[in-house]
Amino acid sequence: MKLLVINPNISADVTALIEAEALRSAGPDTELIVRTAGHGVEYIETRFESLIAAGAVAEIIAEHAAGPASGQVDGIVVAAFGDPGMPALKELVDVPVIGITEAALCAAALQGQRFSIIAISDRITAWYRDCVEHFGLGGRLASIRSINQSLNSIGSVQADFKETLLALSRQAVAEDGADVVILAGAPLAGLARELEGQIPVPVVDGISAGIRMTEAVVALQSGFHRQGAFAPPPVKRRSGLTENLDAALASAQSAHLSAAPAT
Amino acid sequence: MKLLVINPNISADVTALIEAEALRSAGPDTELIVRTAGHGVEYIETRFESLIAAGAVAEIIAEHAAGPASGQVDGIVVAAFGDPGMPALKELVDVPVIGITEAALCAAALQGQRFSIIAISDRITAWYRDCVEHFGLGGRLASIRSINQSLNSIGSVQADFKETLLALSRQAVAEDGADVVILAGAPLAGLARELEGQIPVPVVDGISAGIRMTEAVVALQSGFHRQGAFAPPPVKRRSGLTENLDAALASAQSAHLSAAPAT
Amino acid sequence: MKLLVINPNISADVTALIEAEALRSAGPDTELIVRTAGHGVEYIETRFESLIAAGAVAEIIAEHAAGPASGQVDGIVVAAFGDPGMPALKELVDVPVIGITEAALCAAALQGQRFSIIAISDRITAWYRDCVEHFGLGGRLASIRSINQSLNSIGSVQADFKETLLALSRQAVAEDGADVVILAGAPLAGLARELEGQIPVPVVDGISAGIRMTEAVVALQSGFHRQGAFAPPPVKRRSGLTENLDAALASAQSAHLSAAPAT
Amino acid sequence: MKLLVINPNISADVTALIEAEALRSAGPDTELIVRTAGHGVEYIETRFESLIAAGAVAEIIAEHAAGPASGQVDGIVVAAFGDPGMPALKELVDVPVIGITEAALCAAALQGQRFSIIAISDRITAWYRDCVEHFGLGGRLASIRSINQSLNSIGSVQADFKETLLALSRQAVAEDGADVVILAGAPLAGLARELEGQIPVPVVDGISAGIRMTEAVVALQSGFHRQGAFAPPPVKRRSGLTENLDAALASAQSAHLSAAPAT
Amino acid sequence: MKLLVINPNISADVTALIEAEALRSAGPDTELIVRTAGHGVEYIETRFESLIAAGAVAEIIAEHAAGPASGQVDGIVVAAFGDPGMPALKELVDVPVIGITEAALCAAALQGQRFSIIAISDRITAWYRDCVEHFGLGGRLASIRSINQSLNSIGSVQADFKETLLALSRQAVAEDGADVVILAGAPLAGLARELEGQIPVPVVDGISAGIRMTEAVVALQSGFHRQGAFAPPPVKRRSGLTENLDAALASAQSAHLSAAPAT
Amino acid sequence: MKLLVINPNISADVTALIEAEALRSAGPDTELIVRTAGHGVEYIETRFESLIAAGAVAEIIAEHAAGPASGQVDGIVVAAFGDPGMPALKELVDVPVIGITEAALCAAALQGQRFSIIAISDRITAWYRDCVEHFGLGGRLASIRSINQSLNSIGSVQADFKETLLALSRQAVAEDGADVVILAGAPLAGLARELEGQIPVPVVDGISAGIRMTEAVVALQSGFHRQGAFAPPPVKRRSGLTENLDAALASAQSAHLSAAPAT
């Protein structure tokens, strides 16, 4: 299967981290296309930055949906913790679009009862909390712990703060009752592998979970949204959208119309 | 005080309805600037359409924030039910930014215990429900009832479906236990006045509530977000943003830096 | 418009604080009538004291409702944090009756996601927590922090403990994740103005919020409760009530009967 | 043990129903004192009527607490569904004060997972729902079903509507998934015995549950509230209270002071 | 009445503690049959140990249900905190089957608003939390505090750690806002009596609450589950069950069939 | 990888359905071992039947864990909707143990916001609802709809009731707002494939989801539970357990002790 993996941040070095971990995680028959947001910020920490990123992710999805058949993919992974644009982006195309947070939450929830999230900055935690609550698993969140120092460079966070991240993870287990720890955020991609055995509970990497859970959902071939809240948006007047987005909406709607069951 | 009222839909006729009701509602000393989304769809019914609209609203806010002092406003009303871009947009400027849904929910919650929302289409209800739950008042939602016929024209919904809307409102009271009814959506702006006395509980109009509640919050002069999740986003590399948005972020951050308390 | 502002405590010095802040907050066209509870305790800290206060507030509302037309008001503010008698008191008259807590919660919820309440005594916090949960916004409560020393005099709390209150507010932001701070309780009326700029998030004063939110709701003219859980209590045998309360109930019921729609 | 059973309604015929069922339910060593509210309404259906009733119940409790030792009781049952004045009344005296709703909810929750409440009027259901939610068991409420006709006489409801109440109970089981049915309200006292075997799940009578659960809690001798939110209200200036209430508060506080542990 | 009290642990010394406290607690007309689990572990601390215990408890219940009439009981108390097998075990017989946790939660909830649980080991707290949440009272749980040292012997926990348990209880009141403290677990049976007066809020003993609450529910004679989720399991092919369990299921089902109302 | 798939029911024909769908679903490198419960009932519909099944599943897991290395597996799928024994069974071995309900809930939650469950009997729905609520996704459950006729044979349910199941699924979408439909229960294994395109939203098959989600979690290699609530139960006296279960507990504990980090 072919998966499109989108970095909603504009940082090429984070994209590199994502790509490396995605390649390590993907199954043997999975082909990956990795893209970086065309506009936005270096790394997303706030609800507003996430809103901007959601628009950038929509453009990349639309570009693929509207493009030549060779660009068609079987599933899409939105590779920033906090899941910018979710679940709205699921309306846009007929293949699964999955955020790494929701994937990581599922991977954690299947391995324990309560989980903690380890985050790269204090500011980012409010947005993460919203995301967990909107997904519906707020009752299983043991804690969110975060680095409270400023970062040198987003590409080197995991190297610069490895000991801190390890300590935060262990505190989450010992003090907050976490059964599973989620190392959150694309900048931490791959760290879970490196810390293997040093944290006394299962540790979930967002990128790995995103790839594996999306592979699983794609494989299920559950069918399309032709009714309900995730069917393509109804046909109506549009204006001022980018060419790709306009084409993607038009194409989604016509698929919808042609395939709608007679019921 | 001066309020910026933004129609997140691209429909000029809905903007006209908004403006008319906003003028009827505003206090004597309130000046209104009413703007229509520069891109997007005719009227928002889905989560994805709301995501697109959120970007369009951000641009208008940024344009005012980044513009000349004469464009400065004391508060901003986002005039589509479902509150596209909320609460993220509250980070962008130093004045209150309030959605008509959250305003209507507060107006309803102060007048009764449980409320129902009357909506213009079945498809729109999933997005509205999300909005109520994210605001935290899902436990007080008696029901969402909606027109289940297709609309002729978004500008004439309230005229075309007045009897239906009245019947849905009365059913919400009699069958769902609504203590207050919210007539949702900018296309219904002003209808509550017209139905006065025909629905046996208080009826809240989104636009009126948006104007009055924003006036109230502006008048409170509660102060600025210099820390916490609604302070301006941290300074970091940005790219590909519109000129206005880039300038607004830069300006918000510098206000933040200069005004931060010494704590 | 004319608002009746009721201090549910028997303390005249708290009434003076309420009146001063209410006058500072009210719009230019708002006339205020400020009253003190006829019986009860010096200041309410417990659920039982609130129950007693609710009865005293009901008497004052009834007195105005049953009195001469010159006493008629357009809205009523119940000016003790914890909202004694709410939402029951909304049944008694045909004008909005709003507690300062519910008003402050709305003012806070429109300016951020999570809020903290700063309270004058440890004992009072259980009652406040009930109030927030009953209003439905418990999920957005970051914390309640309180003075844990005994008070010299209820009228001088804000002067005696200004530094403590400031420290508690800053802790709520830094440690509890509050986006907005509510300075709770009539004895703290006006303190938010004085601390302006010293707390790095918006600060909501209960009395100001009570006045401004009630003005907003009164201005909406949403209509009356003729059915549902806030219509006047059904006509039935009563005994032992004060003359005013008996008359107010009789009058509410007859308004109800005469105005009920034919539905 | 000696239990004080208070009818918060002013109806002597409801008191008679309560007394008859309480006598049938009480253990062999339980002595009952049954009292009727000194002021209020014929039967409570609304939040406001409940507020008035709460004051009347407080007076009767205070009268016993402040009276001669011969009037001392070991526990108090507040015998109106909806639990007027709860949990506030638990602060006033050093013996358990228990409402028949909370008792019935416990009796139901110990016999099944989800329960329904059968009520005597549509208007009363909003207040009942509040009560269940405030007790914390809202998630286990299958439904509230109610008679939607007007009542001839509060004393004859169960005779007049026996078939209706039976039908509502069976619908709650068959359609709403109730594992247990609660026949709510003092006017239905004793009906559960009469319907024995006609409803295919356990049926809980509020009065019986109130008596038996209070006996159980009294027998546990769990000790007193000397700290926390149910300790007697702190000593402070009071005015305008009835002599009994004033004396009861004074007495509760002095017990508190003398018995407080040194911690 | 005759109650069967089952220790789901295999420890005879814990059974002795249970029996002693049960005898002290039971009413004068209550006869007790106390049994120890036939298989399992020394004391239950984990969800899996609880699962094993649930099977052992089912066997004892089945043995009584399937046995001679002389073994018939009026109610059953499952005497391990955490309520192994609840609420499933309520399906098996036609008499109330009640866990000591659910009984203690009710006893606590009737005496205050928020309660804390004092537990004998850190590991046990996750299971206890599940139990409170599944019962539906998670919103009233102030905290679970636990001994974090290893135990010498399960039979001597209360003697070995009396001071620790007292300190944990007082912290729950002073720091967590507990209105009531529950001393959890059969190994602590009887300790509440010993600590009387040393903890400044009511203290609930699980075993006492289990006995008294079960007596109360048995006395209510609420009737049987003939429909709904607690009726005996439907008749179907079974295999490999113990003789007692097989007989108990057969007998429950035939009671069900013969007694089902015609509706 | 090697997965152990356990049918908690005793029905060989249901095991055949499970095996067929599991083989269709599994990835090319997945080897399946399919086992049937050694004791229990024909198909599980109630909480008590699930309790019995949980014990039977534990025995099969223990047998593999305690057996020769050739029996070792990489993951375990508990193949009855309702997830008997979950999450307790996750404590027993060092590989992921996943129920088909939790897998299906994740697969549904990643494809839409609200989901409905289609079930084979009315009685079964209470147990399913518990399961969804305990997993934490109760807020996203649109409805549970079920066949309300008696079944001829558990092996032929999907053939006998195909039209009914299709109609229930469509009603869930049209009337309950389901974005995704889950066809629940091993007896419906494979039906989702057959109904492809006839239901206008994605349809999730429990067995397929169980296989694919378990493959994904196994592939993540998240590490072991050495602390927290899912570590192997502490070493303590045991008695009366089957040989396999006793050996499995002993082996789990020794792995735990040897591998525990020094922290």
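For clarity, chains are labelled A, B, C, D, E and F in written order, and residue numbers in each chain start from 1.
Operating definition for what follows: a residue touches a chain if its C-beta (ideal position, glycine included) is under 8 Å from a C-beta of that chain, and two chains touch if they have at least 3 such contacts.
Per UniProt, the chains are A, B, C, D, E, F = Aspartate/glutamate racemase family protein.
A quick note: this is a predicted structure, and the numbers were derived from the prediction, not measured.
The chains in contact with subunit E and with subunit F alike are A, D.
Shared contacts of subunit B and subunit F, meaning chains that touch the two of them, come down to A, D.
As for how the two copies subunit C and subunit D face one another, over half of their interface residue numbers coincide.
Think of it this way: of B-D, B-F or C-D, only one pair shares over half of the E-F contact pairs by residue number, and it is C-D. Across the two candidate interfaces, D-F and D-E, the one carrying more C-beta contacts is D-E. Per-chain CA centroids place subunit B at a distance of 26 Å from subunit C. Chain centres here are Cα means. That of subunit C falls 52 Å from that of subunit F. Work out the mean CA point of subunit A and of subunit C, and you get 44 Å between them. Among the residues of subunit C, those touching two or more other chains are numbered 87, 113-114, 126, 130, 139, 177, 179, 228-229. Contacts between chains form some other arrangement here, matching none of path, ring, star or all-to-all. The list of touching chain pairs reads A-B, A-C, A-E, A-F, B-C, B-D, B-F, C-D, C-E, D-E, D-F, E-F. Subunit C meets subunit A in the complex at residues 113-114, 139, 177, 179.
Every residue of subunit B that touches subunit A in the complex is listed here, in rising order: 10-11, 38-43, 45-52, 54-56, 58, 85, 87-89, 91-92, 123, 126-127, 130, 134, 228-229, 231, 233-234, 236-241, 245. Considering their complex, residues 125-126, 130, 133 of subunit F touch subunit D.
Those residues of subunit B lying in contact with subunit C across their complex are 25, 27-29, 87, 90, 96, 98, 102-103, 106-107, 109-114, 135-137, 139-140, 170, 173-174, 177-180, 192, 196-205, 208-209, 212-213, 215-217, 219-231, 260-261, 263.
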